[in-house]
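Some structures are shown below for you to check.
Each of the next two complexes has chain A plus one other chain: chain B in the first, chain C in the second.
Here is the complex of A and B:
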């Protein structure tokens, strides 16, 4: 396995974690289909590729590909922190200067600030996680102080640009008591790029604080895109996440939420519409460890062409988490011959006074609805498009920010030729 | 309910010892514990088996030796030492039985205690009983009547002697030797079981029934059932089991294979009440069973099970819907109490066009038990217009038990329609309150609610079984509300 990591360079910060991860890297198994967590997503092709981490070159707008706007949502009034191949781009970024908010690249945090970092131990259990911990170049660090409400969302834009590039973004967010923030993580790749984007996002939300997180993947080229998001919620905190896969040849989104305090509120939704030979995998875990939490999950997907979709949603209710209310729904449409979906919604419940339900369906467009639309004069194509829009709208409409919502919809409609 | 009352009730239930815990003293011809090629040759020789079957067993043993014990199930148990089990035990007095008078009186007593006296069965219910005591069948009834219709219903050992062509043609076609660890073990060492063949177009006039018992200390049971329903036939098959109380773990690794030919229908019902171990999880049967049916064109296989026993259950009655328009059904009630662990569910493999399947699973967990549903619905690319509907509900009775759902849904055809839903909730306090308000004792109210909850499945059972199953549900759950 050392061959795969031969050309990976580890920067000099965060040495302690890196060394630990490097040791683990050799002992952790490389994911194979025999591993339950990777049963439906093969990485064998990636492992045999010869990748290298970015060695530097032109920075700023000069080095940035023309077809991609460094500001992915121009209509959105937002702060911005931009990375290209894992390297911070100060001239393209616009960091907040807001009282009580610290926002900077992870590589330049102070000794004091580094003490606030925490780690979810993903690198101890998964080879992919160890890879990130060992070789992460940079990322985004956000600390929102007590009772501070950040006025605008922050867009974290991450671009993979070039052939056989390996990059490892690592982001940390910490919201203190009563604080509020919204973060948009936007992952792109330029035309003909290839390689791997292995990212980690960790957030801790203090009591009564709130975090909104929107994740958008829109990658050209052939990138193996791994994302592991780990959220820890304290008492009465709120977390709302949205995950949209617009384009990406191989995408695996892992979202893991731990409710570590009473009365947390969690909403996480997602949509995936893979085409061609694309592969989209969504693994979510909701872990209720304290009483009175509520969680609601909605993931919807349409598989076109020869694409494959994977959904694995786990809900844990630990012995003490009484009066938990957990709801999970996964709805899929296999649109074309050759496309497939592998869904695995799971409930593991160890407390009795709970209300937990999951539903999972695989089906087609409602023929009656289709007929109704056609009887109103829409042609087959337009009627189908409308139904697709409506199908995704349930997920899209809960995105709180209108400008962002419109942009996501625009990208979907451009790709799928909606009206 | 107040804390003390609750504790009292729980105390009562946990104090309840296993009702059917008794052993029968019958001389047995048992070979020494251990597993090797020699043991398999001995079993085969003792049973006077043809050469091809010995080869088949040895091949299974070879495959098994290369396998590892599966660990993916949501269960925890001390690993078994398979070398400490004796792989063959047969009642010594083996002779042809024409009437009940010739049956060992001890055996008749056992059956009486179980409430399945052959006389009674013969007279009242018209059920033919193939009674399996340990591993060899000793009593078979109604054989003549079935014979007139051409129905073959006998022990597998007998079938191997008398209908080798049928056994050879079908055995291992649905559950091959290499299928899984325990199926491979069973293929190597199975001692006996039931064989059933329903000829073309015959509607079996009575329900066929086999009662299994584990009776010899330290004897693993390796039953093998082969059921073939030829074109256009129908059969309803009942399988029920109770096991005597014992402190050491007993392994039960059975294999059931069903072949449902074109337009045939098989209804397979099980009431499983192996010894679950005591309140501390000591003892109890390990039930690692492979059950699978193959449906040809427009055939139907319907599995109904009521699982209340065993310390550890690992069981997934499955349907391979190979033929067009075939139907698979799975109805299950799984009750776990004390330290019991159950990982059970089904697999519906849709290969043919317009294949349909229904899954209704009701889990009830109590005490410190863990109850999991694990199911697979797989739609192959050629399975046009396949349809599946699954409901998995779990009911939690105490705050120390667990209820889990692990459904796998794999769809490779755009015309498939799959619906799966699962809910987990506590037994409704308002429902109990309503019953109590109407003068129904709490205990009784719980029984009522649980029976209502499991009704969808219990209704699918043949009448005789439904009665037994309801009794079992009540026994397993009395007073265990939290």
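Here is the complex of A and C:
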């Protein structure tokens, strides 16, 4: 397996973690279909490819592909931190200078401090995680102090650009007690690019603090896109996440949330509408370890063409997590004959005074509804579009920011020829 | 206006319509009655173009246009409207957006500009007052969480919005209480005109006290076995259907 990483270079910061991860990398198994977590998402084609980490070249707008706007949501008043092939692009970024908020590239953090940041164990359990920890080039660091509300969202934009590129963004967010922030992670790839974007996002949300996270994947080319998000919520904190896959040839989103204090509130929703031969995998874990938490999860997908999909949603309610209220719903439409989805809810409940509801369905377009719409004079395409928009509206409408919501809808609409 | 000749239709291997003949002139209201399983709802579905029914023989013409050559969308644009026996709930699709898309679909088909927002709203007001459909129901998702009566009123609201040449009411009265039946019937009666024809399918004579038909037909085993004036409905109420077999 060392052959796969032959052309990967590790920067000189974060040495302790890298060394640990490098050691683990040689012992951790490469994911195969024999592993339940990777049963429906094969990486065999990827690991036979010959990838390289970015060696440098033109920076700034000169090196940036014309067809992609470094600012992916121009209508949104937001701060921005931009990475190309894992490398920070200062001239394309607009970092906040806001009292009580520290925001910078992760590479600027001192070695001492960097040891104290991440607490996830992903590099110890998964080969993909060890790769990220060993080879991450840079990432986004955000610290919001006590009772500070950052005035605008921050867009973290990472672009994969070029052939056989391996890039490893790694992000860390800490919101102190009573603080608030909104982060948008926007993942793109330019046309004809190929390789891997393997990103990690960790957020630690202190008591009574709040984080909104929106993640959008809109990649051209042929990228294996891995995202692992790890969220720790302390008492009474709020976390709201949205995940939209607009486009991407192979996408795996892992979201793991730990409720590590009483009375946390968690909402996480997602939508995916893959076409052609695309593959989209969403693995989510909600772990209630303390009492009085609520969580609500809604993922909706429509599978077109020959696309394949995976949904795996785990909810744990640990013995101490009494009075937890957990809700999970995953609804899928298989629109075309060649498409498929493997959906699997997993609930493990060890406390007795809890409310947990879940539902998971895979079906086709509702032919009765289609006939109803057509019988009023809508043509097939208009009728389907109306049903599709309605289907994902529940996910889209809960995105708190209107400009962002409109842009996501516009991108779906453009891709799927909605009127 | 509408001419149905020797219509045969089946679902799977089950032949349901077995040579049905019917002519409906402009402005006429025809009631079709009959026992369960006689083919009443099949007739409604076949006329509206539901794909699960296969027409094996016969002709259906609306003002000289062969309806059987058209799909459900095209039939609607030619002026056919089916008020469903069980209207579908479509969460997330707003009633008004749906109506706007339907009206503009038809207008585009006729080579007209999309309806002006102001004209659309005026029409919405007119048509919703026709069936006392209040704003709360009008603006919601299509039929979502509506009671049975509200759904049927919404059907008549849609009918008024789309201004059809031929309206087919498929058991619009079933499941309605008397008050709702009055409201729905009043809406239908207001829409009666010399250019619009109705086929009113019902299991119960009660509806025909409110929507008084010009003709009553009895459907049995896929054929019309008796036709008459509105008095026939009363006779059926008294004697049942068995004497016709």
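To be clear about the criterion, the second predicted complex is superposed on the first by the 413 of 419 C-alpha atoms of A that agree within 3 Å, B and C clash if a C-alpha of one lies under 4 Å from a C-alpha of the other, contacts with A are read in each partner's own complex, and residues count from 1 in each chain.
Following the convention adopted for this analysis, contacts are C-beta pairs under 8 Å (C-beta built on N, C-alpha and C of every residue); 3 or more make two chains touch, one makes a residue touch a chain.
Just so it is clear, the structure is predicted and the values come from calculations on it, not from any experiment.
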item	value
Per-residue touch tally on chain A - higher for chain B or for chain C	B
Chain B versus chain C as contact partner of A:376, first or second or both or neither	second
Chain B versus chain C as contact partner of A:387, first or second or both or neither	second
Partner chain(s) touched by A:46 [first = chain B, second = chain C, both, neither]	neither
Chain B versus chain C as contact partner of A:357, first or second or both or neither	first
Chain A partner contacts - residues on chain C that touch it in the complex	48-51, 71-73, 75-77, 81-82, 84, 87-88, 90-93, 97-99, 101-103, 105-106, 109, 141, 158, 162
Chain B contact footprint on chain A (complex, rising order)	36, 319, 322, 332, 334-364
Chain A to chain C touching residues, read off their complex	366, 368-369, 371-380, 382-383, 386-387, 389-391, 393-394
In the complex with chain A, residue positions of chain B that touch it	72, 74, 379, 381, 394, 396-426, 482
